[in-house]
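Next come two complexes, and both contain chain A; in the first it sits with chain B, in the second with chain C.
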Partner chain A sequence: MKKIINHPDAFVDETLEGILLAHPDKLKAVDGNLRAMARTCATKGKAGVITGGGSGHLPTFLGYVGKGMLDACAVGNVFASPSAQVMLKCIKAADQGAGVICLYGNYGGDRMNFEMASELADMEDIKVEHIVVSDDIASAPPENADGRRGVAGLFFAYKIAGAAADLMMSLSEVSEVTRRALDNIRSIGVAVSPCILPQVGFPTFSIGADELEVGMGIHGEPGIETRRMMKADEIAEMMLEKLTAEIHLDKGDRASILVNGLGATPREELYIVYRKAAKILIEKGVEIIDPEIGEFATSMEMAGVSLSLLKLNDEELLRLYKHPASTPFYVKEASR
Partner chain B sequence: MKKIINHPDAFVDETLEGILLAHPDKLKAVDGNLRAMARTCATKGKAGVITGGGSGHLPTFLGYVGKGMLDACAVGNVFASPSAQVMLKCIKAADQGAGVICLYGNYGGDRMNFEMASELADMEDIKVEHIVVSDDIASAPPENADGRRGVAGLFFAYKIAGAAADLMMSLSEVSEVTRRALDNIRSIGVAVSPCILPQVGFPTFSIGADELEVGMGIHGEPGIETRRMMKADEIAEMMLEKLTAEIHLDKGDRASILVNGLGATPREELYIVYRKAAKILIEKGVEIIDPEIGEFATSMEMAGVSLSLLKLNDEELLRLYKHPASTPFYVKEASR
Partner chain C sequence: MIDATSVKNSISAISKAMALNIDLLTKLDSEAGDGDLGISMKQGFSAAAETLASFEEEDVGKLLMKCSAVLNETSPSTLGTILSMGIFASGKALKGKTECSAIEAADAFDLGLQAIMKRSKSKPGEKTILDALIPAQNALREAALLGLSDSELLKAAAKAASEGCEKTKSMVSIHGRAAYYASNSIGRQDGGATAGKIIFEALSKSSREAI
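Then we have the complex of A and B:
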């Protein structure tokens, strides 16, 4: 095995220990439990925004806990849901009297456990709302959009919800604007090489030597089709075409783009993909707002790229997207 | 080939086009030449600090052009030096009347071309100083330290020099403090899988299935030894031991650590390495200042990790390290 780890069973907790040692100014373990990480600073009366999910996707999910983004994150084992108990700890840590929004990707285990956690929170009189992110257009057709998985578009959702809460909007206002953002967020990705689970030690699926998987999920879920390897421009064009079939972008529209590397793909290649996507949008007359290019939602050492869109015609969404944020893995500077 | 590119010959320029399209507020191509990138803002009378080097190492070198860091960067082909002409463009763009420091890694081609460029600049009456970074302790023994390569420690050097220039220190003051920083910077890395040059399309060297290369360079230069695969803690301990043989760290000392991923290594694994290194230093009574964990100097999709130290007992170095910076690939927030 070529993983730089100690024992596979210690992978998650040792990662979390490292993160806590590196960022003690920003993060704390709730009740000393590494699986329940919260911001060090709290603001009385602020609506809480938390998330949770399996490990192996850094910076998602934990990396976005911090000012202007998330208040806490429940951490599960590799590609596995955190427990409801850990989620409850996060809800309680994030509650400042105004209630808490649980904002997470659409996966069975996460849904079930977050629902259980909110029932437990209810017994402690904490108001909890759920917002499930299902931005991956490759995982189900539009008529079954609720069945789609949550992928890199989670970043955009965290950004908007976190900014709204930071501006002291009420729980229902944060919830409303986040749902509005989700209507404007879509993602799709391609994978060109598999990932390796620490517990297994070798790839659990393969991608042909001259093939790519269109729409593969961040846990290696099957995509919509296997194609012969494509050029970067063709990949960018294909992904953008599928996204804009649902998020229409025309002259005068505004949007942000997120080009996300799945793990092993060099930053150079991500910028080559961005180049083509940006050119197509600029050609159309679309204004691109603060694009992000880098690793935002990974799948260990999987190679590949995903593209996410956030349409920003809405003035309020634009303002929230541009609001500053400061987390261990992402900093949004104040606009000058 | 599983690279997400168009044509290998277009790799560098398309990457640069993408970077320019994504960061037009921060970067501009000098005289329209993509290989000579400079900051959009200039401050009269400020000492210039520029760098240059081959492509394939993002965020190094270009990613650190911006406020509080570098003024310009000359970009070469993959793993190849930029031309003296491009370097001259960068020197001229960075000169605000106070002269320019060329701060770059110790590689034959880069040295030769930067020397040629400074002769050309001399003819235009621009004062140029050279500072060559040779932080990689694995590339030559201490008695031949001048022969060492420059690797991830370049980041620390850029940070200190850029902050000093941003604070309007004179060329000789910036030069002096940067050399002082270099006395306190050392790096070493291990590689566990090779990288692929776009022009070649397959790995040009191999690393055995159960082996790692200690001290391999960021272009795949041979390391000091090939060892059987080690655990993360053993790797961290071994790297730190070699570094602290040269940069002594004892109780009460201060240092920053940079845990750098070479490309394909997941962020989780970098934090596992950081965890062990931090524990050893904390145990010793060393204060760790603003550690950085992520990808800072990569080698395409090589898997592996490097560790760099910057000893910060010196109050001036500490202040400069903590000075804010804003570049496309790195943001240093103002201390609160």
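Then we have the complex of A and C:
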């Protein structure tokens, strides 16, 4: 195994140091703690929106801290939840008197730590709301949708919540519109090769040479089925079919679509997948709004692709999605 | 009777026991989880023991809350989080006390277990640390009501934790990564329950040595 690192134990902190050195205008370490990153500019009275999660998924989660998106992010070790103490630092940094929304993916460790952090914040009289993202349709059937994991759809959730807060909507308004957005967000992914944790040094799971895992999670959680390797068009068609079984898209509907590489998949391949997905939607008469193709939620050097949908028939969601944002890993220009 | 000294000694004893059992925990966790349990328990409890040793505080509750915070920050595994939640809730219940009776401690421990069950959405029988801690709690309360000495009641709790841990071999995992391999989980002893057993065996041993 080859990794361009110095020492496995320094992987997370050295990544964070690099990001901080590259973006001192956008990010700062709260109280000098690299694991609690906050944006440099604060607006009095703005509802705070923070997130948190394990490392190994850049640009998720930290990469979306910045104007128009997140106020702070608690960073954990690779694939491990940050501590409640670090989350509390982020909550305090993001609180501008209007309370804070903790918006994060549905993973046991993250959920428990965020709940503990909000109990600690409550002792300091900071109002905290929780919104748990569970967009991965492959991780549980619809009747158990609460048990689904959060994956690349987190990006859409950050975008909507961050824009709403930036427009000075109240904590409850931001929370309401974000939950409405989540009803319109779904994701699914396929993986073709595994990832390697720096501190382990070899893949902890395997994917057959001519196989593809449908629905594998971003930590290598087993998917819903193992299939023989498929063509890009077949993959795009299959993923879109599964997504639109839950988010119906018909003629005249509007939606954004996000094609996300898991870490080792070239942009070329992502665009080949996008090509097919876009053609299917255009043929249906669906208007595609500002599609995103690139890396948003990765899994180290895992190869594979995920597809996320955000249905945007709702005028307010559309306006918030179009709202400008500027973060280290994502910039949205104001629309003309 | 529990006071600041006994809390500090207990955490130190647990820390030593976790260090001794690091390989066992790593092995159990590698079979079902991601293999970080041993290192996570050792790191967390050794940091907690070190912090408490130099923490000048007589309030038993505050000591436990401090222990919870350090454990949470230095033991980055789900089990570290779960234990830290439990210790936090127990500490909150004992806040303001510089000493407490075995019954009070058992009540605080019970609140800790309730917090764990609520937050982790789990209950006994699901192949987790609860399968060691809940029998220990029942034994502890029973022994406390009988008025047994501290070392006798911790001995009873350790025995119950050990028996509970053994029973996890016949259980099916439904939480965490282990649940993905649920059907393979029968026959395997749960790593979390093993940590629970180690905790009570350490407490029992340390109370015998304290006499």
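Observations on the structure shown:
In this section, the second predicted complex is superposed on the first by the 336 of 336 C-alpha atoms of A that agree within 3 Å, B and C clash if a C-alpha of one lies under 4 Å from a C-alpha of the other, contacts with A are read in each partner's own complex, and residues count from 1 in each chain.
Here is the rule we use: a contact is a pair of C-beta atoms (placed from the backbone, for glycine too) under 8 Å apart; a residue touches a chain by one contact, two chains touch by 3 or more.
This one's a predicted model, so the numbers in the text were calculated from it and none came from an experiment.
Of the two partner chains placed by superposition, only chain C is touched by A:V86; chain B is not. Once chain A of one complex is fitted onto chain A of the other, the partner contacts of A:T204 are limited to chain C, with no touch recorded for chain B. In the superposition on chain A, A:L103 contacts neither chain B nor chain C. Comparing chain B with chain C, the partner in contact with more residues of chain A is B.
Of the two partner chains placed by superposition, only chain B is touched by A:P59; chain C is not.
Legend: residue contacts after superposition of the two complexes on their common chain; A:E115 is shown touching chain C, with no touch to chain B.
Of the two partner chains placed by superposition, only chain C is touched by A:N77; chain B is not. In the superposition on chain A, A:T265 makes contact with chain B only, not with chain C. Residues common to the contacts of chain A with chain B and with chain C across the two structures: none. Listing the residues of chain A that touch chain C in their complex gives 76-77, 79-86, 108-109, 112-113, 115-116, 119, 197, 200, 204, 221-222. Taken together, the chain C residues at the contact with chain A in this complex read 34-36, 69, 72-73, 76-78, 81-82, 84-85, 88, 119-120, 175-177, 180.
Remark: chain B residues 1-6, 11, 14-15, 17-19, 21-22, 55-56, 58-59, 192-193, 209, 229, 231-233, 235, 263-275, 278-279, 282, 291, 293, 295, 298, 300-301, 303-305, 326, 331, 333 touch chain A in the complex.
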